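A short worksheet on the structure shown next.
Chains: A, B, C, D and E, in written order; residue numbering restarts at 1 for each.
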Amino acid sequence: MNNHSPIPFDVPATCHQIYLDNLQRATQGSGRLMLMAGDQKVEHLNDDFVGSGIAEDDGDPEHLFRIAAQARIGVFATQLGLIARYGPDYPDVPYLIKLNAKTHLISTASRDPVSLQWHTLEQVARLREDSALNIVGVGYTIYPGSTYESQMYSEAARLVFEAHQLGLLAVIWAYPRGEAVKNEYDPHLIAGVAGLVACLGADFVKVNPPDGGADKLREAVRAAGRTRVICAGGRETTVEAFLERLHAQLQEAGIAGSATGRNIHQRPLDEAVRFCNAISALTFDNVDPARALAIYHGE
Amino acid sequence: MNNHSPIPFDVPATCHQIYLDNLQRATQGSGRLMLMAGDQKVEHLNDDFVGSGIAEDDGDPEHLFRIAAQARIGVFATQLGLIARYGPDYPDVPYLIKLNAKTHLISTASRDPVSLQWHTLEQVARLREDSALNIVGVGYTIYPGSTYESQMYSEAARLVFEAHQLGLLAVIWAYPRGEAVKNEYDPHLIAGVAGLVACLGADFVKVNPPDGGADKLREAVRAAGRTRVICAGGRETTVEAFLERLHAQLQEAGIAGSATGRNIHQRPLDEAVRFCNAISALTFDNVDPARALAIYHGE
Amino acid sequence: MNNHSPIPFDVPATCHQIYLDNLQRATQGSGRLMLMAGDQKVEHLNDDFVGSGIAEDDGDPEHLFRIAAQARIGVFATQLGLIARYGPDYPDVPYLIKLNAKTHLISTASRDPVSLQWHTLEQVARLREDSALNIVGVGYTIYPGSTYESQMYSEAARLVFEAHQLGLLAVIWAYPRGEAVKNEYDPHLIAGVAGLVACLGADFVKVNPPDGGADKLREAVRAAGRTRVICAGGRETTVEAFLERLHAQLQEAGIAGSATGRNIHQRPLDEAVRFCNAISALTFDNVDPARALAIYHGE
Amino acid sequence: MNNHSPIPFDVPATCHQIYLDNLQRATQGSGRLMLMAGDQKVEHLNDDFVGSGIAEDDGDPEHLFRIAAQARIGVFATQLGLIARYGPDYPDVPYLIKLNAKTHLISTASRDPVSLQWHTLEQVARLREDSALNIVGVGYTIYPGSTYESQMYSEAARLVFEAHQLGLLAVIWAYPRGEAVKNEYDPHLIAGVAGLVACLGADFVKVNPPDGGADKLREAVRAAGRTRVICAGGRETTVEAFLERLHAQLQEAGIAGSATGRNIHQRPLDEAVRFCNAISALTFDNVDPARALAIYHGE
Amino acid sequence: MNNHSPIPFDVPATCHQIYLDNLQRATQGSGRLMLMAGDQKVEHLNDDFVGSGIAEDDGDPEHLFRIAAQARIGVFATQLGLIARYGPDYPDVPYLIKLNAKTHLISTASRDPVSLQWHTLEQVARLREDSALNIVGVGYTIYPGSTYESQMYSEAARLVFEAHQLGLLAVIWAYPRGEAVKNEYDPHLIAGVAGLVACLGADFVKVNPPDGGADKLREAVRAAGRTRVICAGGRETTVEAFLERLHAQLQEAGIAGSATGRNIHQRPLDEAVRFCNAISALTFDNVDPARALAIYHGE
């Protein structure tokens, strides 16, 4: 990250310190984000939480909060409803409120995806004020290429602005999807939507890892400019491979972190905590994969 | 129920006592809800109220209020219009305002279901203030899997928050339904939507009993976490079987109550009252099915 | 009508007297409504006003106001635009503002019906305040079974509440219609929508007369409860048959009045006035059909 | 025009004089309107302004303002954007702001027409206040029979009311159109939509001349009641025939003026001015066609 | 430009000087606009920024800001998100906020285009106030002929008005497009949409160069009247040809400037700056193409 001002102009002067504090909390001073994704209870219903190869712990949503509270993380992203409910017992977690969500019941093949804003930013602000929780930001998913894209861009643009007005960070999940999208893992297309998110004014854009190696993310990182790219973790991999891949993405492509969900919470609590710690060490402290793996192994 | 704080953070401090009072009223201190459902006059038009095997009393909507006033219940859920009209004569009933409803005229096979919010929470608040009725909460139905799901989630999320801001309870009816839904009684799918409702922030989620025995609800109870699961009563059963089943659901699956409509109001007043009392004893007092059956029989 | 409170709880205390006055004006103390329907200039364009068997007078909208002013009626229902325009010369008529309307140009066979709210209740309130007209209520049509039903229920629920907040009566026209509706004159279906309207909180529900005799309305009257049922007049009948039928509906089924349009305004002024007076005598004074017929004949 | 009050009740007392002044300006005391239509730059793009048989002057929008400023007219109807731009140099023209418009690119055969409101009445009010222009009214087009009719009626009803609240006149262009409309020039249908517009509360309704002679407009004039009917000019005609026809419509059918666009502005400035003066003499001064033709010829 | 007032009446007196300053900044006193278009990161994703024949610099969005800051330009048009992010380091650039955008993923052949407003004018005003950036105007794209045109006209009309209320310039991009549009490069059609934009009240309308020579733009320039026409640059051309063409358009057709995107930013920074300077000299200083070409060559 170069030495430009970290504060965009839609953060008013009265909220500069709040914004900087939120950025500091989420990136631990590294400029990189470690996002623990816990929004799948809507997106994937219970498929990610119960089943073969999934720890028993994961069937209870409190598992997510336990991990977030005990592990070293950047932010824990989930819906406002869960945060309001579990927040009283997990007051120190840095929360990111995911503001839209839909289920996977309707396949992309049968209908282009649309996901609309749940809560307003006024509601987010009221929750922050009433609860004194560490709400550091908000998130929203867009589906470029969907016939509903225009509606989602409009919601996204306004909420990024409103989030910044409150000193909150804004993270956009960007997945090209719909009948018009031939290959949503095309590196050039992913770079395109990363650039689009920069135009929406977000602080971070979460993309899926494109086809090919870590270097395939370079175009996206450049296209996003000062909006920093974080990459979804993927699932079908060993911890070692996961850490190696993330390390490569950070070093070779210059991405600014990761968003990991299932790969964390499908493990038992203790292991999930250690896995978070490993990712955070890689992300925030710049350790090498071997050292991160040792952390995962509790060494 | 474990000993975590019963008050979510979207209830402001000024409404904590109101919320606790409403929770106390609805659960009678048991942590469980006995919901008497009286919203079918829209959902099923007059099919549930007149016909073979249905008590003559049931043709008049006041029947619902008479039961609610004379029986021991948790809450009586129905539309605002009826509450405003009959409330003056039934001031002591604990009411839950069902905020959306549609008819069954359009089959799911011909069009995915959509049901939109009728009254605003401002209107609910005005009614509560002007009437001094015991309005303890609001309800809303979502149809995960419908092509309209996103619109309903947005309404639901906002109204749960707004209800909490007023110290009201929020109950979400959650029925997976639409062309994309193969089997709406699949236990795993029902668990999924129960978890989804937790993300919406509701206090209770009403689901249909899944295929299989009471134990099939366990996944849903876990998935919903601190949002408590209540189960629809079903209809084709004897009182004895009904009470046995509910008891099993409460004990084996740990659900937190039931929502019963037709099975109550299709009986003559006196019998309906006794049936409510039986359900409430089972739910609130933890009596066994035999004792509950005796209550039903007026013993 | 039994002796329950006539004021629903969504009428605030400050408007109780206004509401009672409006109810008194519309029902002349009888608890029954005589509604002169004059909203067909939108619904049927000029088909009801010019043609074979229609009095020459009827081609001019002022005909409606002349009847309403000279006859004994409960309320005269028509659109706000006409009321604002003719009101200055007909200040004493009890008006009911019909708030939605559509034309009959698009057949139900080709598209499910949708009819949206024209004016807001704020506009109605401003007109009432500025004009000092006797605006006693508002009306709205719903089409249960239409794919657009949900949108109309939402508008209807809110406007009934808002009308009551202003001390105005609310009348809902309820016609099951759309591709999903097999027979909109089925008594059981009509009872269903009458019950639905009770849930919307309306004071009166206007239904079409179902297939069969007057007794076929009993189910609807019971289903609507304290929301009172009024019946459309129909058209193809003699005055004598009309009065006999209405008398039977009032006596045998216990409906609370009628809504008559074409059958009134398609007659010359003098005859239309006498016909209204006959209906009103039957409705308000409980005279028998023979006496009512004599009134019609000017005896 | 009979001697009823010219002020509808939705004009508040504080705006009575403004409304009367606007009516006086637009009708020059005659009760009749001469409307110079200049809204075709959206409706017909440049097809009406450049081409064979069209004066060179007409390619520049200022041509419209020059005519409006130099000729005797009732009102000049066009979009707010043009009025805001040219108003500073043409401050004395009586303007009517056309509030919706669409292009003719999409044929009625391929899709039912929809045309939505551009500016709000708050914006109109601000412009009037800031500019001190003679803004005397607003206009809006409805398409009865279109599947979108309900949306347009809702906008129209509200804006007529809001216009009256500001003391502005309201003119509705009413064209039955859409797949459901067999013949939009049917006199009975045109009468129907004229009556519909009376229900919307407009001061004037503009209709197309129906099939047949001037007498075919009588039904519409009666159906519209106190809402006065003005007739579109048509195009394929000589000046003499135009004036004869308008004279017949005024005298035989009792219409209250005309709306003429292309037939005016497709002429060179001087001729267009003389043509307007001829129409105005016929309309306002009740001269005969021969005298009007002499005015057109500059005699 | 003739000597009429440059300030439309929807700019309130309190903002006259702001508007004049913005006009002066954007046109450098020439009445002509040189618009550097940087909104393609949404419209074309990364296709315009990375690829064969595109300078390496262009992959980073900061390249746009570097050009805008170092070159002589009228305005730099891009999305609010980028401006908020890079503005702190490029405070002196004259910005124009493009308020809507969509991707090119969905082809016109498969669905008519729709592009909705991202930020509100209140948000634009807040950004201007908080940042003290040189925000001189806003932009919006309309697609006449799309089945969604009506929605876009409504947004456009309101935002032009609101922009003027703030003293901001308004530029409308106008591209006839959709199934109903046979040839979007037809000169007469382009003239039509230019006239349409004049009705929306915009200060400038950006059109694509029509089929044929520079003279084919004359009709559009006349049709737009006081709304000034600027022309898209096109891409497949040499610098010399580009400058010749623009010169011809300015001189022969009287257009008021150009909007150039890819042709600028796909060059390395230094060359891009020189190319901007050449365009600006041609536009603002009226130099001939040879002199402009020399500027491009750094002579």
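Simple rule for what comes next: contacts are C-beta pairs under 8 Å (C-beta built on N, C-alpha and C of every residue); 3 or more make two chains touch, one makes a residue touch a chain.
This one's a predicted model, so the numbers in the text were calculated from it and none came from an experiment.
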Subject >> Chains in simultaneous contact with chain A and chain E >> reply: none
**OP:** Note the shortest touch-path length, in steps, from chain A to chain D.
**Re:** 2
Original post:
Centre to centre, by mean C-alpha position, how many angstrom separate chain A and chain C?
Top reply: 57
Subject >> Length of the line joining the C-alpha centres of chain B and chain C, rounded to whole Å >> reply: 35
Original post:
For chain E, what residues touch not just one other chain but two or more?
Top reply: none
**OP:** With chains as vertices and touches as edges, which is it: line, ring, star, complete or other?
**Re:** ring
Original post:
Which residues of chain E touch chain A in their complex?
Top reply: 39, 41-42, 44-47, 49-50, 59-62, 78-89, 100-103, 105-107, 110-111, 114-120, 123, 126-127, 130-131, 133
Original post:
Residues of chain A touching chain E in their complex?
Top reply: 4-5, 7-10, 12-13, 144-145, 147, 149-151, 153-154, 157-158, 160-161, 164-165, 176, 178-181, 188-189, 191-193, 195-196, 198-202, 219, 222-227
